[in-house]
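In the two complexes that follow, subunit A is the common piece, with subunit B as its partner first and subunit C second.
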Partner chain A sequence: MALGVAIAAVIVAAPFLLGEGYELHLLIISAIFTILASGLSLIVGFGGLLSLGHAAFFGIGAYTSALLFLKLGVPMWGGLIAAAVMGAFAAFLIGALVLRVRGNRFIITTVAFAEIMRLIAVNSVDLTRGQMGLAGVRAPELTIPGLGTIDFSSKTAFYFLAVAIAALCVATVARIVRSPIGWGLAALRENERLGESLGVGAFRHAMLAFVVGGFFAGIAGSLNAHYMNFVSPDVFAFSVTTTVLVMVVIGGKTSIAGPVIGAVLFTILPELLRIADQFRLVFLGVVLLVTILVFPKGLVELWQRWAARNSRPLPSRTPAE
Partner chain B sequence: MLLEVDTVSVNFGGLAAVKQVSFGVPQGSVVSLIGPNGAGKTTLLNAISGFRRPTSGQVRFDNASITNLAAHRIAHRGLVRTFQKTEVFPDLSVAECVRIGLLNRFSPSLGEALLGSRRLGDFTAKAPAIVTGILDRVGLASKAASAARALSYGEQRLLEVAAGLAAEPRLLLLDEPASGLNADESARLLELILGLQKAGISILLVEHNMDVVMRASDTIVVLHHGEKIAEGTPREISSDRAVVSAYLGQDWMADADS
Partner chain C sequence: MIDLIPQFVFNGLLIGAGYALIAVGLTMIFGIMNIANFAHGEFYMLGGCIAFFFTSKLGFNYLLAVPATVAVVAVLGLLLERTIFRRLSKQDAMSSVLATVALAMILENGALILWGPQPQPIPTGFSPMPVKLGSIFTTEPRLFAVAVTFGALLLVHLFLNRSLLGSAMRATFQQPEAAALVGIPIHRVHAATFGLGAGLAALGGALLGAIFFVHPASGGQATLKAFIVVILGGLGSISGAMVGGIILGLAESLGTLVSSAYKDAIGFVLVILILLYRPDGLFKRS
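Here is the complex of A and B:
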């Protein structure tokens, strides 16, 4: 409780302490990646399905929102919803194709789907301007009667928006995994055959995790487009997927806080170390390897071990969450 | 007849593992399926429970065909199985493993899980007490918080039965539940099976432990090379020459006569 209040205070105070500079930019990116990571944790962590195509849904969200804004003048509020729906719909289509037979075929299809989407974005020059990307994707404004207008092109305003949406996404994941749906996901992850024999539909639960993950990724894509004011085919890059995957695995893939910790850490850390871009993946690889060896459940384990040592022995609790 | 197996055959390529087998499980009874290793018992259980499609024939449960249904849909109708090779959810606690079985009674939609409903609230509120009750019944209450992987082999077998019970079966298919159990544990299992029968749960048992089979069964079905060679009461079966020579051996003949 005290910890929660402290964290909330830091989140609220951050823009006023940091100003509108590069540091705040990193926190906004952290929030966007938190949305991606918490969604992917539902698929990869809680559901135990290795998906290597998360960038597809991120990119679909980004282009949906950007094109709606540029071609039809729809502000981000509409684009955000459309992006989420499109992300979820794309996940549903891919899921319907390959989630019945999971395993290698699923993994390969997810990779291929993201790459196909990237190639479409590169080659549909009339619509997407190809590699040049779409510029001028402006942030929205929000007019509250009697209070005035908030312009989200200010970093501070966008920061609060992104953090609020990220918090909502994390809370949604928490609610899902603590509900009976979470029990079903655990069955899918731990022993699908036994789950089926007990009436847990593996396909249904896999699809549910996948579609919610796609929905969140679409939201993240829309936010990213309107924050950066720009979308290019790079949103579909495999490195987007691997970055989010590293965040989930390192933070803790079957925990609620894990993906958040991973997202913040792996947005900020590479910048702090000021490692040149070509070493970024090497660096991520090494950290991934070491974390998996030392903390197989992710960095949240560090906290759990510390908490266990500093509290009186509690009556043993169930290990989930 | 709760379960009707009607001329079911299962082929693996050119090999007929189960040939034209028919038998039934009446409501409230314990039926055992016995036979030498490789007789097709587990294959037949898989065909009944939706883990393998029969090549031909029909399986009916409660007068409706379940022949081509997916395993979890068959479970929804009240036919739940355990596995020959022990299966648990290794990283979950014992209580969590059993809790998963409760999903067979009620599984909320995404909207219901996010927004809540009275039914969901009731269900999650009652779940811990139901789980505790089941763990008590199989004798695992003291292990509720242990990880499933940390249990002994015999305890894991009981845990699998417990999870099956949480699924509220009308018919429970047990695939060699006594294998690897010591004498004490086997006795407890026998008691559990008879208790379940009293509680109205029908049981189809595949088992090699003849003590358990003879004492628990109302009817015994004998498979040999994929074919049914006999069906009858324990007494009839233990004096059936074909069964004795194929499977039981002379000791059982003597026992039954004494």
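Here is the complex of A and C:
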């Protein structure tokens, strides 16, 4: 509880301590990646489905929101909802195709789908301007009667918006995981046949996790587009997927806090180390490999091991008595 | 337009044979070890980059550089199997796939650091002048690549069907437990599979790198193309991967006649159609 209050205080105080500079920018990016990572953890961690196409839903959200704004003048509020719906719908279509047969076929289809979306974004020059990308995707304003207008093109305002949405997404994942749906997902992940025999529909549960992940990724895409004011086919890049995957797996794929820690850590850490992009990705790859080999449940597992070691001397905890 | 078709068919065969070389190893690793290897295209990339290093930095003859490259990458494959994938074989399948993703990140970006982002041609010593075969224009490196690739595919086929190790691989593929029971050293079969797969992909890289360019970031696309081929041919089917490679090469080459912008999308659309209607690949008899 005290930890929660302290974290909340730090989050609220951050923009006033850091100012409108680069540090705040990193926190906004962390919040956007938190949304992506918590959605992907539902699919990969809790659902046990390795999706390597998460960038597809992120990109679909980004282009949906940007095109609505540029072509039809719809502000981000409408775009955000449309992006989430489009992300979820795309996930539903892919899920309907391959979620009945999970496993490697699912993994490969998710990759293929993201690549098809990237090729469409590159080649539909009339709509997307291809590699040049779409510029001028402005952040919205919000007029509250009696209070005035908030302009979200200021970093501080956008920071609070992104953090609020990220918190909402993380809370939703936590709610799902602790509901009967989450128990069903866990049952299917641990032993699919046993789960099915108890009446837990594998397809239905997998689909739900996948669609929620797509929904969140669409939201993250829309926020990213309006924050950066720019969208290019790079939003569909495989490296987007692998970056989010690194955050989820290293943070801890079957925990609520793990992906959040991963998202913040792996946005800020490479910047602190001030290393070139290639070195950053080699570094991420090595950390990912070590994590898989040494502590497959992620950083959260290290913490739990440490906590368990410290609580072991208490005799009242031993069930043998 | 019509008179161009033989030319496009020839180009398609060349690219397709290269795809087949990469895909055969990928499908073997998948069938025998049950790992979807997302680092497989990186072996192809390394093949090109190491062959470039041997020829232009160490002054090797190209004909010597190709087998040397294949040997280096095959040993790398063996070592990776021993150090990483053997340790992960007891964990869930997702760990192995994630490890290949991590490996791909390390190899691709490590190669970018070592070789730089500039695409470079491998010097071969072949004449750059075009060669005319009937209505087809080609070059010596292309003819060499086609001949070596088809020769290598034939050798792989003979190896798997005639040699003892090849039989052991096929047995492990069909029934790992039974294969272990009759005394087949499963771990050695796995290591050999990984080494052979990596070496074949490197051969593709060393051959195609002499025709196109060597680029450290080319591994990701190669991985994706190889997965398309493997799905066309049926996951785990070696002859399927060979034929699937040729089909994808021809489809892309002839697809250029229709729309060059979307030629790379043809494969991905094929994959989704196949997964929908023929999930076991094109050639599986139901």
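Definition applied: the second predicted complex is superposed on the first by the 304 of 321 C-alpha atoms of A that agree within 3 Å, B and C clash if a C-alpha of one lies under 4 Å from a C-alpha of the other, contacts with A are read in each partner's own complex, and residues count from 1 in each chain.
Keep this in mind: contacts are C-beta pairs under 8 Å (C-beta built on N, C-alpha and C of every residue); 3 or more make two chains touch, one makes a residue touch a chain.
Nothing here was measured: the structure is a model prediction, and the numbers come from that model.
Once the two complexes are laid over each other on the shared chain, residue contacts for A:119 go to subunit C alone; subunit B is not touched. When the two complexes are overlaid on their common chain A, residue A:201 makes contact with subunit B while staying clear of subunit C. A simple residue count on subunit A separates subunit B from subunit C, and the partner touching more is C.
In the superposition on chain A, contact of A:310 is made with neither subunit B nor subunit C.
Once chain A of one complex is fitted onto chain A of the other, the partner contacts of A:149 are absent, as it touches neither subunit B nor subunit C.
In the superposition on chain A, contact of A:97 is made with subunit C only, not with subunit B. Once chain A of one complex is fitted onto chain A of the other, the partner contacts of A:285 are limited to subunit C, with no touch recorded for subunit B. In the overlay built on the shared chain, the residue A:187 is in contact with subunit B alone; subunit C does not reach it. No residue of subunit A lies in contact with both subunit B in one complex and subunit C in the other.
Those residues of subunit A that touch subunit B in the shared complex are 172, 175-176, 179-181, 183-184, 186-187, 190-191, 193-202, 208, 212, 315-320. Listed in rising order, the residues of subunit C touching subunit A in the complex are 30, 36, 38, 84, 87-88, 91-95, 97-99, 101-106, 108-110, 112-113, 220, 224, 227-228, 231, 235, 261-262, 264-265, 268-269, 271-272, 275-276, 279.
For subunit A in complex with subunit C, the touching residues are 44, 48, 50, 52, 97-98, 101, 103-105, 107-109, 111-113, 115-116, 119-120, 123, 238, 242, 245, 249, 277-279, 281-282, 284-286, 288-289, 292-293, 296. On the subunit B side of its complex with subunit A, the touching residues are 49-51, 70-73, 75-76, 80-83, 87-93, 95-96, 99-104, 106-108, 110, 113-114, 120, 123-124, 145, 147, 160, 163-164, 166-167.
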